[in-house]
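Next come two complexes, and both contain chain A; in the first it sits with chain B, in the second with chain C.
Now for the complex of A and B:
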């Protein structure tokens, strides 16, 4: 055990490099998947079939074919078509497309779950469709979608481990090297599991924080936003905290169909 | 030439042979996860508090760490242990993927059990039904109605995760595509067909689960 720890300390710089690759994949994938989710999710609720149907097809395509197939397609087939991406970009793109499709379903479902009264009010005020969506519906849908997006972001983090199939030296690959170094499987993988667990926990904490902020912006009581959310919300002057929590704030079961 | 039908025709039988292993892993993994998930959900209710806490931590670790890493970890343990060295990779992979998804399914069972109306629990104690009987004939049938569609969704998700078994050398669908591509450089045909096979199998299944969800919800 003591020997293992000494080896681990020597290995820390390499482990740090691996961690950096994993974090790059996770962050790049997260940003990309969010952009794709917003685009496809809003297209799916568009009033015209010319947008809704193609968006639905793209979403079902990327949900239905496996992440690894998409990854290998980008890695092996794209160069044959004359477009070579470096492995890191390949990984980020595959993660963004796959989890973006799942998240698009969450975006669509959350937008549909915003109370009908809000849609009617925005219509009665004759807001333009864009203002109605971006100033009234989306801020409320955003608060609804965060818990499901958090689940998907953690799935994405777990998905970054496919990077080792692309010759990338991510955390997963580094842990394998550590195992060969120490010859102690249980020790090396405990370190690996712990690091991924901490990363997943960080994602959860960040998303809880975002949820608390989103709810506070809507003037809703953030009391059900988790421990950290409560800490953050308690620190400021509680703007609009007196307002009763609308029954519509209950989370829709968006994760059911989409989350893996 | 972007697409060759000759290569596609040559690849298809190999891919379908690999797909057999994909189906075995999915079926075995689902069977294990459905049983183990229920067991976990029940244990997390009845065990003493500190064991429950330990079990919950274990479940959280399995859920929040990469499946690929778990596969390689368990595979390495098996192949360095004298007693377990002969176990085929497909069996180990099926076990790991089953346990991984059991931790997800236990959550669905828990939600299903929680959704059984309080009146039912009161009726159980009013009739003083023995616990096992009460669980099997009153709670479980009602809990399953809310649980089954979500189990179906996890089974589909598991199906799409089976390519990760490549990490321990299982010759499933994507592995077959990769090895065919490696030999012929017909990566386009091999991976496109692999994707289409996944889509052809998972899309109708997910439609069926959605329909089941609707019909069960309308009770």
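Now for the complex of A and C:
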């Protein structure tokens, strides 16, 4: 065991390189998938079929085919068509397309779940369709979509392990080298376990923070968004205490049913 | 359904009375000015369920009309059709003589493009049962959003006007508050101010006190009474507050099963209803 730890310390720079590749894939994939999700998700709720139907087809295509096949296609087929991407870009693109398609469905359903009264109020003020979406509906849908997006982002992180098929030396690949180095399978894979778990946990914490902030902005209770949510809720109440009830208000400042 | 010969929208057409409808006792709108609102052969179906059929009526500029009737009689649907929250199945609605969502062109019923519909709807304001304030904006931003982005006002002018309106509904100090931190009654007064910020010619009030605790109803109704007294906004009101309806409106329309059952002054409808159905309805709600 002690020997393993010494080996691990020697191996840390390489492990760090692998971690960097995995983080790049996960971050690039996350940003890319969110951009694709917004684009496709909003296209799917567009009033015109000319947007909604193609977007739905694209989503079903990328949801319905395996990540690995998409990856190989980008890596081996695109060059035949004259477009060569470096392995990291290939990985990011495949992850973004695959998880973007899943996330698009989350965006669509969150948008549809914003209270009908909000759509109606926006319509009653004669806001343009774009203004309705971006100023009224999407900021509220955002709070709804974060928990599901968090799950998908963690799945995306785990999906980055397929990158080793692209000759990329990611975390998974380095762990395997560590195993060959030490000859200790249990130890090496346990290190891998732990590192992926920490990364996933960081994603969860980040998403909880985003959710708590989004809820607070909407005047809702952020405290069910993990422990981060409770922290944000605590900060919110101490900050909000000062502005509570101005003297002379006849009505209680407790909202009945919330702003709907 | 046979297409009736339709006159120019600018010429007010007298409300075609159903056989059972009382002759309106008030004078017909004078020729010249277009009616604030005109329903012509309006039909609304939800699936196979016909909610309104063959509905014809006009509302004069500045008139305050209360729509009463049992639930499911179509009165809220009428407001929602005017605000384009529902699509018209048949017929036409005119606002100030202008077609709202459909117009007749060469004998055909043609839907108008969204941009043109919004040109008309921006003259109409609506206040909802559940307030529907935008929770992602402060109270002030709720009032500023549409005047800036729909009417093209400057942000400063819109904010100044919004503060004036908040003062008018007694909530000047809540401008920067979050809507969810207000009571229901306060939220509804903000919603009224938000509708007024667009300077509407027509204001639609859809059961605006129904979701409020009883002790909060009074303030909201007082704000509306003041607005009715101080402005000449045309109002269509769906409410169960009969005393309020009586005080504010010049005209009451009783609906039953998607048609006008009775149409007259509050005095006529509330004290001398002709129809047994109206009498039953009133005695039920006034209990």
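FYI, the second predicted complex is superposed on the first by the 234 of 260 C-alpha atoms of A that agree within 3 Å, B and C clash if a C-alpha of one lies under 4 Å from a C-alpha of the other, contacts with A are read in each partner's own complex, and residues count from 1 in each chain.
Just so we're on the same page, a residue touches a chain if its C-beta (ideal position, glycine included) is under 8 Å from a C-beta of that chain, and two chains touch if they have at least 3 such contacts.
Not measured: the values here are computed from a predicted model.
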Looking at A:139 after the superposition, I want to know if it touches chain B, chain C, both of them or none. Which is it: first, second, both, neither? second
Of the partners chain B and chain C, which touch A:200 in the superposed model: first, second, both, neither? first
Which partner does A:80 contact after superposing on A: first (chain B), second (chain C), both, neither? first
Using the superposition on chain A described above, determine whether A:30 touches chain B (first), chain C (second), both, or neither. neither
Examine A:120 and indicate which partner it touches, taking first as chain B and second as chain C; both and neither are also allowed. second
The shared contact residues of chain A with chain B and chain C are 256-257, 260
Going by the contact rule set out above, which residues of chain B touch chain A in the complex? 2, 60-61, 64-69, 72-73, 76-77, 80, 149-150, 153-154, 157, 160-164, 166-167, 174, 177-178, 181, 185, 187-188, 191-192, 194-196, 198-199, 202-203, 206, 210, 213
Residue numbers on chain A that touch chain C, as the complex places them: 115, 117-118, 120-129, 131, 135-136, 139-140, 217-220, 243, 246, 250-260
In their shared complex, at which residues does chain A touch chain B? 60-61, 63-70, 72-73, 76-77, 80-81, 154, 157-162, 164-165, 172, 175-176, 179, 185-186, 189, 192-193, 196-197, 200-201, 256-257, 260
Tell me, which parts of chain C touch chain A in their complex? 83-85, 114, 118, 121-122, 124-126, 128, 130-136, 145-146, 149-150, 173, 177-187, 194-195, 198, 211-213, 216, 219
